[in-house]
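Could you have a look at this structure, given as structure tokens, before my questions?
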Amino acid sequence: MTNVTKSAIGFLPRAGFQHLIELLAEDGRTVIGPTVADGAIVYGEIHHVADLPQGIGAEQAPGHYRLVHHADERFFAYAVGPTSWKRFVFPPTLALGESRRDDHGHVSFGPAPREIPRLAFLGVRACELAALGIEDRVFLGGPYTDEDYRARRANTLIVAVQCAEPAATCFCTSMGTGPGIRSGHDIALIELDEGFIVTAGTPAGSAIVTRLDLAEATAEQLTAGADQLAAARDRIGDPVVTAGLHDRLLAKLESPRWAQIAERCLACTNCTAACPTCFCTSVSQRSDLDGHTATTERRWDSCFTKGFAAVALGGNFRPRVQDRYRQWLTHKFATWIDQFGTSGCVGCGRCITWCPVGIDVREELNVIAPPPQVSAGPAEAAQPHAPRSSVFRVEGVRRETHDTVTLALSTPDGIDWSTARGEFVMVSLPAVGAVPISISRRLPRGLELTIRAVGPTTTVLTGLERGAEVGLSAPLGHGWPVAAAQEHDVVIVGGGMGLAPLRPIVDEILAARSRYGDVHIYYGARTPSDVLYTEELAAWAARDDLEVGVTVDRADATWLGRVGVVTHLFDRARWDGTKALAFVCGPERMIQATVNALAGRGLTPDRIFISMERHMECGVGLCGHCQVGPFFVCKDGPVFSLAQLGDVFGREGI
Amino acid sequence: MTTESATFERSFHVEGITRVEGEGTLHLTVHDGQVSDARLKIFEAPRYFEQLVVGRAPDEVIDITARICGICPVAYQISAAGAFESIFEVQIDPQVRALRRLLYAGEYIESHALHVYLLHAPDFLGYASAIDLAKDHRAVVEQGLALKKVGNALMALLGGRSVHPVSLRVGGFYHVPRRAELEALRPALANALTQAQATLDLVAQFQAPPFERPVRFVSLKHPAEYPLFDGRIVSNDGIDVGIGEWRAAFREEQHEGTNALHARTLSGETYQLGPSARVTNAADQLHPIAREALARIGLQEEIARNPFWSIAARALEILHYCAEALEIIDAYLPPAAPFAPWTPRAGAAGWGSEAPRGILWHHYETDEQGLVRSAQIVPPTSQNQGQIEADLRAFAPAVLSLEHGEATRRLEQLVRSYDPCISCATHFLDLTVEGA
Amino acid sequence: MIRAATTPHPRLGVVKLASCDGCQLTLLNLEDELLAIAERLDIVEFPEATSHRSNGPYDVVLVEGSVSTPEQLEQIHEVRREAKLLVTIGACATAGGIQALRNFADHDAFRAAVYAHPEYIESLATAQPVADYVKVDAELRGCPINAAQLVELVTALLTGRRPNLPDEAVCAACKRAGRVCVMVAQGIPCLGPVTMTGCGALCPGYSRGCYGCFGPREQANVSSLSRQFISLGRSPQEAGRLFAGFTGYAEPYRDAIVELGGLPGASLAGERAHRAMGAGVNAEGKS
Amino acid sequence: MPETEGPAPRTEANAELVALLNATWFAADLPPQAQVRLASLARRYQASAGTTLLAEGQLANELGIVLSGRVSLRTLVPETGWITILTVEPGDVFGWSALVPPYRSTSTVVALQPVDVLALDGPGLRAALAADHDLAAALYPRVLQALARRLTATRLQMLDLFAR
């Protein structure tokens, strides 16, 4: 045999396949490919063709998978099994960092030691190439990127093998991802009975391919390859009509089917774990017995766990299994498009096969959102940026209420925090935890955080004393559009702890008071002893260029201020809402009542800004916890205009 | 706690013996230098296992009976599996059998290291616990923990975890390890072998209270191997019955005024099970390394006569099983199938295995589907209980001259020599009212 | 217990009710941490390990076992009074354990079957989890408990935070570990989807189905899973027996067992279980 | 009853009362005849801070409109003491019990600040509303609005939003 020219399409006889594996190994790569283990074709280390599932395939149906033996000698005559490649570029558990805290309260943060393996993926299907493409958008599409993913991805060479043996659970044809290989591979193979049609997709792939002993593929071979692809396509058919699926699905948020699915759904998380694109994670800390050194670890999580959308003090935004299933399905097939510009589903069928009770998304989609019309959605430009903890020192502690303190924090790094944008920071304490906290004041060399003890981490944070250290991320999220309020009247409505993130708005307005029209500040708290910033509220109230109203829900007889809900502070006011912008923060129900009252005062949804409360874990839109409709609250919010949120706002179980 | 009553009568009472598995009390009454009453009382709550397994499938019974005792779950699993395999006439693959010995070896090393170092050694060295012992002799306790860890690691590899492992089933295992997984344990086991030698040398220097008596030792006996889960039930005075025929030589009997089921020979005599019995009845089958070590320390006679020297027998068995485990690993080839299939049928059979504390005997009767119709479980501690009380009676006069607290500690130490596992003994619960 | 240390260490007690001792043993099995823990905590009561005894007070007490005799009932109230934090460890303490299966059946018949003179045996009609009688501050599930979770609990106690014990299905850990689903790929019934993780998805890693050591997770959909067991070819009784393990008395496993009629002596079980569950059947109805 | 001096001295000129009424949310922009009719039933009084204007369970003889100052609606909770449920601000009403049988106050009304109150005679107002359907048609929506606003507020308070 002679080497074929670059432009020709090569053919590798089956006997030469071991050479390909060896070349990949010689390239310093661990080869990961299909192998039989525990009754399935999984992805594991491949040293020899004998490790491949020669002559073995799998029969698949909803909730069902069994190995079957073929008459032929093919290595890749199976449809995708339980493993997906995400495991290798996005590990199930990953040490993110190591931190220390000594007995004097000094803290330090460092990266976890990391080794990025040099891998070759062997036997990647078209649907799986598409899945990697989707993960690329999620992790590398910005504004924040996952550098670990980037490194693993960059260190991987992809040998794709075109699918000829689809399963009964496949629907790549509907999702437009397969079965034909189009892009994303370094080397592409088409397996025929006698060997492989070989093409290179990248220079890296070409470097390997040129070292193989290839014949030129014959016309018959090329035809056979095309025929088997066409046959595969025909076998799959078009089980899901995707035209207009985005809108059809989102129009059915109140379908009774969600509750019916929940009767079957185990919320076991298997679909999300098997899915090649699901990317939700949680982060926890493990420490030594004394809490001196801790490791922060990220692990795969799932929107099907109850804790996933849980917030402090027992709140949960998706309490029912039907809420979680709806979240998963609508995200995968609709809001994913709004966020990332593609569907989140590649049609590989893993969630169907590996659902222990065989729930079939194809069937559910067709029942919930029967066919047909148009889809949409542009992607955003990427801005690589990764947050890292900086050490801050507690300069002052002011007790606000029995369970709330304001910490004044400074950093020696010289950044002028008074101009830093972003709405909140991730505050971490080694061996204790990390929580998102809104910035309640920007200082020239630091900031203030007002923290209420509602969970284990905040309980420790509220007990810190002057001199203690904490780790802070850079400010994250989209904050209040205060500049947009210049030349307008401003209405600020806070409830409970919600006054804390609003305080920087007041600071900013007061710094250039003349640029704004009338300014009204309304604040409601539970009882008089829960009122934050009492002295500042009094100082603001004493000014003649601010209107300040404070009310509490209940009080004893010694309280001479107002008692009642916060909306009563302004629902009969005489100001003209049509000239005002409103900034609202507080518990979700308080925001709802406030928004209704503001609408009654003439404010339109585009001029009402609210801050959403959700479970925020990573702070940079990569863990999935804080998803609401098409948004990640941490990255796209937490401040949104009501117009932006549309009917996502106030919907149960979103 | 001890109390002195009348001038001529002394009573030793330990409410809640410590450093034993489970809950029991010790009560002794002495009249004019003569022991009038000696009782080891169990107040462990009854858990009705023999009834709980009725109607259950054999593999479920293996998991359920393990919960009788968290210290020796493998013993329960192996004895139960043996009984069912006898009923269903299942042939066990030799490699699977070797793996079962290896799993059991893990339990011996763990259980014996726990007893020698954490429970019993503090008695010999004058401490209240291994934690106190560690303050003065940290290296000693660390050596014990290291040995224990190796035993646990063996069980965790073969069974998934050391307490209530999940891998055993009728016919074999659910899952067997790859050779490389076993080989990975070799360095730790080789190190453990050295530490086991050191353990034996350590305990050989202990001072055992002088107390010697003749005793009937009962154990399994196999023609070719150190007794574990096969062979016959024998004694050093002529008992020799099939492994399924425990009832042909022994019985559980009730004592007047109590509801306790104590085991006795058919002629109503007490007997001793456990490490001293095995080392005495099967010394020639110890691993050569252990045999040599026994010759070196020269305590074979003491082990046979003085119950306090059971600590040496235990140390010897740790050494034996470290050596045997290494051999099994070296010879291991994964079996063709992890378990042999079997067909359920109606039948009945008994089977026993040598738990670390002695023979644990199960008997089951099954229906046509293989579900359990009736069960009998005879744990080692209920068999040893009569001998413990007899020893207490015989030993007590020797400590009467000692200070009361010290005398009581000696009596407790004697009870601990049997490593009584009271959790196992639930079904011989003694509820005699104190003073009745 | 006498300590030379000058700073007061938290006082730890370990007490036992009806159980197999395996969870306490898990503490002694922390070979790498045991001595370090003993240096940071005063172990004032742990009869399995030390002859020092204490009736309290305790900063933390770990309780193993279920409440199944009148004495234990008294004891658990006493322990609660003496303990600042009471942590139940293991399936017996948190769910009643295997012995709680007697709660489904007729207690007297059970007793008579094992003991010739049942009148001498003093035990409550049922074996109950500790939380049925006293307030429990935290729990470690499992039969036995998991060593890593125990270390996490101790670390949390020492560093003053809440232990991190996620409530998710065994499946989540199983998939992270890269295991192949035994139910889908081999048709083996597995309680993983309805069982709380903590064991590290041990059984599927040993080619068998989860048997529920850690008990039901939140919102466990046992009826959907039992339907699936039946469609895999198991009889309702077999499916019921799968739930009737070491946490079978915990809801909603308990309901599934009764509904499927899977416990031996089902005729007894039905009525008895209804009584145990307070379904309003006359308590004198049968004994 | 409020500690005002003497019984209901309706001395002020009707026009002034009409103007005061018109300045309140409750009566603003009512038809002129209705305002005049209400003014004829009105008296104005002042009370100092701490004055109990109406006690829980007492006959509510007047519907009060706060002109200035702040009054609190309180109730006595055993073992807790007096709890303020709501404050009534200028323009809003208290004593709606005067319009609804059994005409007994559902809370205790205490002035938190010096207050200026316009009070409408209860029996007189009821008689006027029964006889004058135009007046009733104009006034009842205002009463309903005031009660509805108070009801929704009470619900939100019951949710104890900020406890979370």
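Think of it as A, B, C and D in the order they're written, each chain with its own count starting at 1.
The criterion applied here is as follows: a residue touches a chain if its C-beta (ideal position, glycine included) is under 8 Å from a C-beta of that chain, and two chains touch if they have at least 3 such contacts.
Since we're looking at a predicted model, the values are computed, not measured.
J.: Whose Cα centre is nearest the centre of all Cα atoms in view?
T.: C
J.: I'd like to verify one number: the distance from the centre of subunit C to the centre of subunit D, where each centre is the average of its C-alpha atoms, in whole angstrom.
T.: Computed from C-alpha means, the inter-chain centre distance equals 61 Å.
J.: Approximately how many whole Å separate the CA-defined centres of subunit B and subunit D?
T.: Centres of subunit B and subunit D (C-alpha means) sit 85 Å apart.
J.: Can you compute the centre-to-centre distance for subunit A and subunit D, using the mean CA position of each chain? Integer Å is fine.
T.: The answer is 54 Å.
J.: Please work out the Cα centroid separation of subunit B and subunit C, and write it as a whole number of Å.
T.: 25
J.: Return the residues of subunit C touching two or more other chains; collapse runs of consecutive numbers into ranges.
T.: In subunit C, 207 touch at least two other chains.
J.: What's the contact topology between the chains, one of line, ring, star, complete, other?
T.: Graph shape, chains as nodes and touching pairs as edges: a line.
J.: Could you please write down every pair of chains that are in touch?
T.: Applying the touch criterion to every chain pair yields A-C, A-D, B-C.
J.: Along subunit A, where are the residues that touch subunit C in the complex?
T.: Going through subunit A, the ones touching subunit C are 37-40, 42, 63-67, 82-83, 87, 92-93, 263-270, 273-274, 282, 284-291, 299-302, 305-307, 321, 353-358, 431-433, 455-457, 459-460.
J.: For the complex, which residues does subunit C have touching subunit B?
T.: Interface residues on subunit C, with respect to subunit B: 1, 16-26, 28-29, 31-32, 34-35, 38, 43, 46-53, 65, 68-69, 71-72, 97-99, 101-102, 110-111, 113-117, 120-123, 127, 143-144, 199, 202-203, 205-208, 211, 213, 241, 245-246, 263-265.
J.: Would you tell me which residues of subunit C are touching subunit A in their complex?
T.: 33, 36-37, 40, 152, 154-155, 158-162, 164, 166-169, 171-172, 175-186, 190, 192-194, 207, 218-219, 221, 223-225, 227-228
J.: Which subunit B residues qualify as touching subunit C in the complex?
T.: Residue positions touching the partner: 16-23, 43-52, 54-57, 60, 63-64, 67-71, 73, 110, 114, 118-119, 122, 128-132, 134, 138, 141-142, 145-146, 148-149, 152, 160-164, 166-167, 169, 174-175, 254, 258-259, 338, 371, 412, 423, 427, 429, 431.
J.: Which residues, counting only subunit A, touch subunit D once they are in their complex?
T.: Residues 312-315, 495-497, 524-526, 530, 551, 553-557, 559-565, 567-568, 571-572, 586-587, 589-590, 593.
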